[in-house]
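Both of the next two complexes hold chain A, though its partner changes from chain B to chain C.
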Partner chain A sequence: MSATDLLSILPLLIISGAAVIAMLLVAIKRNHRVMHAFTVLAFILAFLALFLQPGPLPYELRPLFVVDAFAMFNTGLILVAGLSVLFLSYSYFEQREERKEEYYILLLLATVGGIVLVVSQHFISLFLGLETMSISLYGLIAYLRARERSDEAGIKYLLLAALSSAFLLFGMALVYAESGRMDFTGIGLYLAGTATVPVSVVAGFGLMLIGIGFKLGIVPFHMWTPDIYEGSPLPVAAYIATVSKGSMLVLLMRFYRDINGYEYTILWWVIAIIAMASMFTGNWLALLQQNVKRLLAYSSIAHMGYILIAFLAGQEAGQEAVMFYLVAYVITSIGAFGVLALLSDKVRDAEELSDFKGLFWRQPWLAAIFTAMMLSLAGIPLTAGFIGKFYIVAAGVDAGLWLLLILLVVNSVIGLFYYVRVVAVMFQPLEAPQRKPLPFFGVFALSGLMVLLLWLGIYPSSLIAVIRDMMLTMG
Partner chain B sequence: MGAAFYIAAAIAILSTAMVITRYNIMHALLYLIVSLLSVAVIFYIYGAPFMAALEVIIYAGAIMVLMIFFVMMLNLGQQSAGDERHWLTPRVWIGPALLCLFLLAELVYLIMQPPAPPAGEIVMVDPKAVGKSLFGPYILAVELAGMLLMAGIVGAYHLGRQKKKITHRFLERATQ
Partner chain C sequence: MILFLFILIPVLGAFAAWLSAAWNKKLPRWIALMVLVFELAMATAFWSEAVGDGSWYVTFIRPWMPRFGISFSLAMDGLSLLMLILTFFLGALSVLVSWNEIKERTGFFFFNLLFVLAGITGVFLTMDLFLFYFFWEVMLIPMYFLIGIWGHGNRLYAALKFFIFTQAGGLLMLLAILGLYFVHAQSTGVFTFNYFDLLNTPMAQETGRWLMLGFLIAFIVKLPAFPFHTWLPDAHTEAPTAGSVVLAGLLLKTGAYGILRFVLPLFPEASQYFAPYIMLLGAIGILYGGKLAYAQTDFKRLVAYTSVSHMGFVLVGAFAFNELAYQGVVMQMITHGISTGALFMIAGSLYDRLHTRELEEMGGLWPALPGMGVVTMVFVMASLGLPGLGNFIAEFLILAGSWQAQPWITVAATIGLVVATVYSLRIMQKVFFGVSVREYKLPDLSLREALMFVPLVIVIIWLGVYPQPVINTAKPATPAVAVHFTSK
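What follows is the complex of A and B.
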């Protein structure tokens, strides 16, 4: 390990080191405020460290990691998402009776896992990153033990994630047994060198797809999503929706590119069917949902379906569309869950649709933010969600995916119904409006997210330029 | 070589099937140990004696510890003392013991064989090679595994600390 090696993964090292120091801080004295400030500082430092990249990109740390512009961008995205979740966490956890400090250690460790997934180019780092994230998430999901649903959610995630990891591991073993390689490029070389791919390798890829599909929460591996979103603390649900799913998606893109996945039509069709099923299942189940958390969970399934369409469009336009949509989706999800977190009180979370009745008359600013987030999820113009969807359609037209695009449009219309329904509830009249004081940092973070959302919706070319540069260097 | 593999593999499958079909957790644990031991024998056959030793030490050893914790630490009182006596009847341990005996016989047979040049693609991996790659190119993976364990410990500490009574929502509904 040279100094350059260490510098190139500095954000990862900062977050890992911060997790260890955070544990020592807890050992010295428990203080929620100090802990929160320390974690925020660690995330900011790690984000700044991204700009200290020593050498020319891509920089490889053989055999496990590769740091290229794509990895840097997504590391930044993970860190910003984590930071926003942190801002929402303080007031949410301050009013709970549990010990709060371990939450921050687990959040740091989950972020370590996410960053490792984004930079990994090897099965070993893939699996270690995935497990680090999953194991931290077990603790995070069941964190508020006194609540009735948290244990159920924790156990469900534990069992299903362990099962999906077993599938992933078995798939990797099959691929390794046949190809003798565990690095992505090596597997790509092996596949290019063989005329017909052996059955065991195809089976291996299929099993790996199960493991990855579980993490992404796509149909038919989506069963856990609503229960886990409902049972976990709201900031954690936001974290799962964004960082956990996003980093897995990034890994899938890298793996797919390295093995030249676009050349295999059967793989293409499998993912296409998954995308169609995800869109319909997600939107259909969200349609009459009264619980906003579950509604967001189902909508996330549908959004993963949209992203997969862009993914299938392939090559440059498709990958740019995936990245843009991912950014828009991260902003929107954290925003939506953030509003729920700020509205929650000591006893229960604001999750029923009736909790939002007349929100506009009680908390006009929060209602405005939530409206913006919902409209972005629905894909209404002037929001980032619209540009993202537009980008997907453009990429799909380029690739000639007419069937998938028609289904996308149909689903957008279905989706519009339940998003607008939530907005409509917020404007219903209320007899006696009661205002609850809102925490400054939470509102600050949410306002920042809304500004970002509108800015990307009105002036998207700045982000598009960044993504395009990144994809060009990725090759 | 071939027959040795099939015997060990058959024992592995049989004992794993027994693990998931037993009602008593102690029976399941005993069969799980047998399953891990047979996998260790397979590792030994395919030229990884070091892995075989690790399999026994880490996995089988971990289950022994689990068993001790289960019996001693939980301290379930008078009723469990009766259970323990019940566990020691031959009906319980005869199955796993027989399977273990098969594995032992197989292992002794394999060790008694004159050392033949490894057939085909089998390459011996010695501890030195494992250590060199773990602390060479894969050093970051080792440290990452440390992070993984830390997440497990912190999570388990937090979740295991309280003793609040929590009922499942289905159970709750049933009792009302």
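What follows is the complex of A and C.
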């Protein structure tokens, strides 16, 4: 490997190195504060390293990786999301009894997996990234062992993720057996060269879709989402919702593009049905949830359905819409979970709807942030979620997906009901307001996310321009 | 630039009002009042100077999202100007109405009030369809808070219902807007949301009809027309007085405005095709709303149903396609805003004194409240369409115009005037005449209330006696299509 090669994946190397150093740090002396500061530093350095890109893009590290503007952007997104999660983590874990330091090692490792996914263009790197991330997540989900639902969530994720990995692996094996290729472009070339695709390859793609669908949490592979969200520590839930799902989505986009997936009608219909089912199931089950974590879990299923509509719209506008929506979704998810994390106390998480009663009069600023996040999820103007939804609808109208769009509208209205219900609970009158002091970094991170949310909602042109350039130069 | 200021000042005022509450609880209402009086003065000054050369007085365009051809585009013609003056006038009055009614969280209340007014101002000024949708939605959230936080008993239900109804209509409109955008791009190659560019977009007959329905549903939900009116009585009844005034006086007008500004000019063919059905809906609304109004025992609910009835006239007039009816619709928007706003204020003042809105518990109040009785009498008469008051001019023009288009529907609509007489007189009968249930000793109009009601009375009489300035202002703004089918 040349120096340029190393430089081009510098963020990945920094995070991997940081994971090793973090382990040594724990061995020397346990100190939560030092550990947290070190991890934050590693993320910031990795983010800055993105701007040290040596050569012209796209830069390929054959056979496993490709670094193009698309990969860079998403690496940045993962790092910023991870950083925000970190800011929320300190105060959340500080008040707990368990040992806190290993959490940061696992978080670094999961991020390594996420970054590998967004730069990979090969089955091997895909699987390596996926497993690195999954295995770290097993630990992260069950991290607070003393809590009642932690073990359940951890075991559940372990079993299901292992199962879905097996599906994925078998699918890849089938595709490889027939085509003899494991790099995405190679498979694309093979498909272009065969008149009728053999059944085993179609079956392979189907099995792979199961594996990917599980990670994305789309219907019918969504069963784990509410339980995992509910059982895992709040920063981890935020991480799963954003980094884990986001990196998988990015991978799917790259894979689909390289194999020219848009040409296969049957594949299109499968995804369309998944999108419809995800929207309805997610929104329907979210309607009467009393638990905000579960509500967010179901809403994330529905949002993945919305994203799939943009994905199906294909072409430029559709891909841009996916990326814009993903950014908006990452901001809102971390923001929403962040508010929950800041409100949680030593004993339990703030997760019941009743914990939010009168929040407007207790913690006006947090309530304002949470309102903004909910309204963004509902797609109300002045927030990034609105522009994202607009982008999806625009892409859909352009591609003529009228059926899917009508269903999107119906679902938006259903969604409105439960998002607004949460907002309504927050401004119910409260008898005795008691205020809890809030950690500075947490509030700082959330305020930053809210500013970003409003900025993208009012003046999205800057981000749109970046995404547009990036999609045009995608390798 | 002045157009941008019309929107910016209330927004800034909103934040100032919110922040100032931390300092002094009484400051927000003064800020809100000053902002709105200033805006009203600005708009009126503009009116006195606006000379009728060409239909557009002033425009303001800045690029916003060039990727989609979206610009921050504002423009004002006679129709917008009249609506703006109405907005600021009723806005200032709704601040006065809330002067003592709102005791808790005043800062946030006036923040929401100013914000909803800013959104309404935006709706009346924007000439970019994306921006229009943007403002259309921006109005919703603060209104939701106004009803949901400061409303009466069943406020959360009412607020949610209002929100979901209008949002559902709005999303259909968004689909239609995007449909129009791509149809335009297909035929001309230009991607734009600009209103003036989208006018006269060539499109297939069927496409035009579908798109028009998308717009129309959003507007008649807001208007509201039968059968989409069910959110309105709940929202009006549970809202605080200022909320009811803004809802009835202004939010409903955005629906009517949307029909005049967008549906008719953008889809002339489809509008003409659907016109008889829509006029029929309007006539049903007039009669059905009137009937329901008569059956109510709650003062505010009664007034709310009269809105359904009066807004039916807007539908009948707008789709009659002639000059008389068009002018009538514009007049109706203004006079209904004023007379219904006034009736809600009266309901609020009575509630202040009696702590009830039930008509059965009122009665015989005239001796105790002669001043308020007189004011109520004026607006009840306005509501039933007595000559000499503004509503008469409006309804007369609409009926005279629609007679030429659909005589039978006009007959049905005219019967609505009889119904209106019945339900309006019932208000007077139940509240001020009859036997006094209890011997009330109540204070009559306070100075603040007099300040609210006297301008309203003056305006409604002025509109009834000398409506010419309003008609002159609205006339150049009449889109050619609105009168295009006169000969038919």
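Definition applied: the second predicted complex is superposed on the first by the 474 of 475 C-alpha atoms of A that agree within 3 Å, B and C clash if a C-alpha of one lies under 4 Å from a C-alpha of the other, contacts with A are read in each partner's own complex, and residues count from 1 in each chain.
In this section, a contact is a pair of C-beta atoms (placed from the backbone, for glycine too) under 8 Å apart; a residue touches a chain by one contact, two chains touch by 3 or more.
Just so it is clear, the structure is predicted and the values come from calculations on it, not from any experiment.
**Student:** Looking at the superposed three-chain arrangement on chain A, would you call chain B and chain C a clash or a fit?
**Tutor:** They fit: once the shared chain is superposed, the two partners occupy separate space.
**Student:** With the two complexes superposed on chain A, say which partner A:R149 touches: chain B (first), chain C (second), both, or neither.
**Tutor:** Only chain B; A:R149 stays clear of chain C.
**Student:** Which chain, chain B or chain C, is in touch with more residues of chain A?
**Tutor:** The partner making contact with more of chain A's residues is B.
**Student:** Let me test your reading of the model: by the given contact rule, A:L382 touches which partner, first (chain B), second (chain C), both or neither?
**Tutor:** second
**Student:** Identify the partner contact of A:A166: answer first if only chain B is touched, second if only chain C is, both if each is, neither if none is.
**Tutor:** So A:A166 meets neither chain B nor chain C here.
**Student:** Is A:L6 touching anything from chain B or chain C once the two structures are fitted on A? First, second, both or neither.
**Tutor:** The answer is neither, since A:L6 touches no partner chain.
**Student:** Which angle, in steps of 10°, is spanned at chain A by chain B and chain C when each chain is reduced to its C-alpha centre?
**Tutor:** 150
**Student:** Between chain B and chain C, whom does A:I44 touch in the aligned arrangement: first, second, both, or neither?
**Tutor:** neither
**Student:** Touch test for A:S412: chain B only (first), chain C only (second), both, or neither?
**Tutor:** second
**Student:** I'd like to know which partner A:L430 touches here: chain B for first, chain C for second, both or neither.
**Tutor:** neither
**Student:** Once both structures are aligned on chain A, how many angstrom separate the closest C-alpha atoms of chain B and chain C?
**Tutor:** 35
**Student:** Starting from the residues of chain A touching chain B, keep only those that also touch chain C in the other complex, and list them.
**Tutor:** The overlap between the chain B and chain C interfaces on chain A is empty, containing no residue.
**Student:** Give the list of chain A residues in touch with chain C in this complex.
**Tutor:** Touch residues, chain A against chain C: 361, 375, 380-382, 386, 390, 393-394, 397-398, 405-406, 409, 412-413, 416-417, 420-421, 424, 427, 459-461, 464-465, 468.
**Student:** If we count contacts the way the header does, which residues on chain C are in touch with chain A in the complex?
**Tutor:** Per the stated touch rule, the residues are 64-68, 105, 130, 133-134, 137-138, 140-141, 144-145, 148-149, 156, 159-160, 163-164, 167-168, 171-172, 174-175, 178-179, 181-182.
**Student:** Residues of chain B touching chain A in their complex?
**Tutor:** By the definition above, chain B touches chain A via 137-141, 143-145, 147-148, 150-152, 154-159, 161-162, 164, 166-169, 172.
**Student:** What residues on chain A touch chain B, complex-wise?
**Tutor:** On the chain A side, the touching residues are 1, 16, 19-20, 23, 61-65, 99, 102, 105-106, 109-110, 112-113, 116, 124-125, 128-129, 131-132, 135-136, 138-140, 142-143, 145-146, 148-149, 151-152, 154.
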